[in-house]
Amino acid sequence: MKKLLLTGFVPFLDYTINPSQQIVQALDRQQIGAYEVVGTILPVEFAKSAAVLLETYERVQPDAVISLGLAAGRERITPERVAINCNDGDADNSGVQVQDQPIAADGPAAYFSTLPIRRMVNRLLERNIPAEISNSAGTYLCNNVMYQMLHYLHQRQLDVPAGFIHIPASHELAAQMKRSIPSWSLDTLTAAIHTAIEELPA
Amino acid sequence: MKKLLLTGFVPFLDYTINPSQQIVQALDRQQIGAYEVVGTILPVEFAKSAAVLLETYERVQPDAVISLGLAAGRERITPERVAINCNDGDADNSGVQVQDQPIAADGPAAYFSTLPIRRMVNRLLERNIPAEISNSAGTYLCNNVMYQMLHYLHQRQLDVPAGFIHIPASHELAAQMKRSIPSWSLDTLTAAIHTAIEELPA
Amino acid sequence: MKKLLLTGFVPFLDYTINPSQQIVQALDRQQIGAYEVVGTILPVEFAKSAAVLLETYERVQPDAVISLGLAAGRERITPERVAINCNDGDADNSGVQVQDQPIAADGPAAYFSTLPIRRMVNRLLERNIPAEISNSAGTYLCNNVMYQMLHYLHQRQLDVPAGFIHIPASHELAAQMKRSIPSWSLDTLTAAIHTAIEELPA
Amino acid sequence: MKKLLLTGFVPFLDYTINPSQQIVQALDRQQIGAYEVVGTILPVEFAKSAAVLLETYERVQPDAVISLGLAAGRERITPERVAINCNDGDADNSGVQVQDQPIAADGPAAYFSTLPIRRMVNRLLERNIPAEISNSAGTYLCNNVMYQMLHYLHQRQLDVPAGFIHIPASHELAAQMKRSIPSWSLDTLTAAIHTAIEELPA
């Protein structure tokens, strides 16, 4: 059986819950299509997130990698098309804040996702789950781990599908926040990621 | 056992599905707390919607009335605080369009909902379902039926709790639309209305 | 020459500037059509805002009253259709916070604006200034002063046009805020209110 | 005197006006800092937009290139950080629609803007004009011409600053549309682009 490395993040900023973490915990060790899910939760720190991801990759030697992250404010499941070579944005969980900084000094401007993102979106829509391809994973930790995973695989010429999927907030998270943000049930979020995983190459 | 008249609407404008209709169909004839639900689906026509509602009221003689409507674009369950004496907005399903027109020539500017809207919102939030009181039901058919029901009860001095709850789009509806709108699973929408009904006076 | 009482508010919440105040200062003492503008700036306090407004009304004895307020997040000029008999929302500038509280214990649920709001919107659109009628002035101080002014005039059977116009943020305010909100130039905001005033009955 | 090639687009989709075109017409032949502006209007066609841009580049031999485009829905001036090697989205003005298609079969995934985008944003904010760096120029013609210009310069190893700036709708455009979108005055839009041009290397 093939192995899928599925990652989520711990809570960050003023989000007290991170549904990406809950989805990974729900799907960990499940068999989905040809894959067994190996779940890992990443810190939200520029100095650590990708290091933990790449160490886990080397230990697990997965056949595919999907990283998940919360995109508070989005109202659809959004597989990301591209990761760019840039760190920027709010301070991370360790208080580090960077601006306009390359992720890899020698790296290209961007990598395209090698996940079947169009097939994932089409299948989600067939199942009445709102989804669309996103053209920006931002410049925070989500983009960072996506870029670093693809950079690692590219440098080693490894033909392992990898990429990132952003998810809306969960109802539980949205109900706790003062400002209004779109939200989904955790069940639907988890079912959506299950559906996306089914589209990985067998 | 008390009776709750619960109404939804048929599809309208470019919304091919109306989740308010589906929720009413799901809860019809259920017993929730002290109430048995009597479900009715209303047309989306200035000349007919309230007529159907009031005829149903007279036939059923319910102990409470909750009307539901789709608020595409909203991301929370929103019990409405107030209905205003005004018809305006897009053309209805029969092609009739009106502007700045009183609903009742002799009616007051507005009626407040007589549902326990604050308790409904508080209970929904306790159950991690995003909710907030809305201060505008608009000026289309949702506001129209809310105003007319409250006007009818006021004129007859009937002490029957009545009002309106707007709901977000369902995933099924949002997945069919080209433009992106927030959406919830039909299960969560239905559970939310179930929760709101539980707050009716016993 | 007729007199128009034009009011704005001081800054509130985390808005360090209130463009409604700047517009009133810009138009104060100007002659617009048949009216001379008498400008006044109101506090943002449930206990004081309407008191200052009504004292000013009694002193000035104006022939029309337009109150202005900031609606951060809106992207159009929005004359308000209706004020409702309810105080609710964030704490005011004195720290007072209320919920679901009537403004006037003996007052009706709502008053409609007596300004020519449809003509104002039509004229603004003709001049390529985005505008639309709003159906909710909220439940904070903006709604409060609109309701109290209309209640005062109604009780005294005074036939003085009165109402409220919400405005988007100014560029200066938006540029200072971390979160992104729509904004207009102060010049365009001021020109829009000038245009609205031109529609007052001569 | 140096030459700046400044481009806008003709109207497209249901936008009857394109403010990027109006800004270019307003600034054409002006001297701004060390630069004389040479304005050109591009078609909105996958088969033609970049061809017209590159032909104009070869004829004019400018010292810098800034392309402008309308981002209806945005509320800030947004210099773009990156262009990606992908065509996708709605049909263009000739009816051509493409999906997930590379712009340049042999090109890299992306190019970063070589304009001083951080300095532009900082200067705009200093002047109370809302601005921020955008991390996605989309996958329509705006991204297409930005990618193709940077690809052309990269292949020829030309050290010419080039990139793209997205602008909000103008009030004139927004006032004509049924759906509400954020908008600015054409004067402020033009002043903002003037300010951005002042930040080009002298």
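Lettered A, B, C and D in written order, each chain numbered from 1.
Going forward, contacts are C-beta pairs under 8 Å (C-beta built on N, C-alpha and C of every residue); 3 or more make two chains touch, one makes a residue touch a chain.
Bear in mind the structure is a predicted one, so any value in this text is a computation, not a measurement.
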Tell me which chain's centre, taken as the mean of its C-alpha atoms, is farthest from subunit B.
D
Subunit B to subunit C, mean C-alpha position gap in Å, rounds to 30
So, what's the distance in Å between the C-alpha centres of subunit D and subunit B?
46
Taking each chain's centre as its mean C-alpha position, how far apart are subunit C and subunit D in Å?
38
Please set out, as single numbers or ranges, the residues of subunit A touching at least two other chains.
none
Once you draw an edge for every pair of touching chains, what topology comes out, line, ring, star, complete or other?
ring
What residues of subunit C sit close enough to touch subunit D in their complex?
75-76, 124-125, 128-132, 171-172, 174-176, 180-185, 187-188
Which stretch or stretches of subunit C touch subunit B in the complex?
81-82, 84-86, 88, 99-100, 108-112, 118, 133, 135-136, 138-139
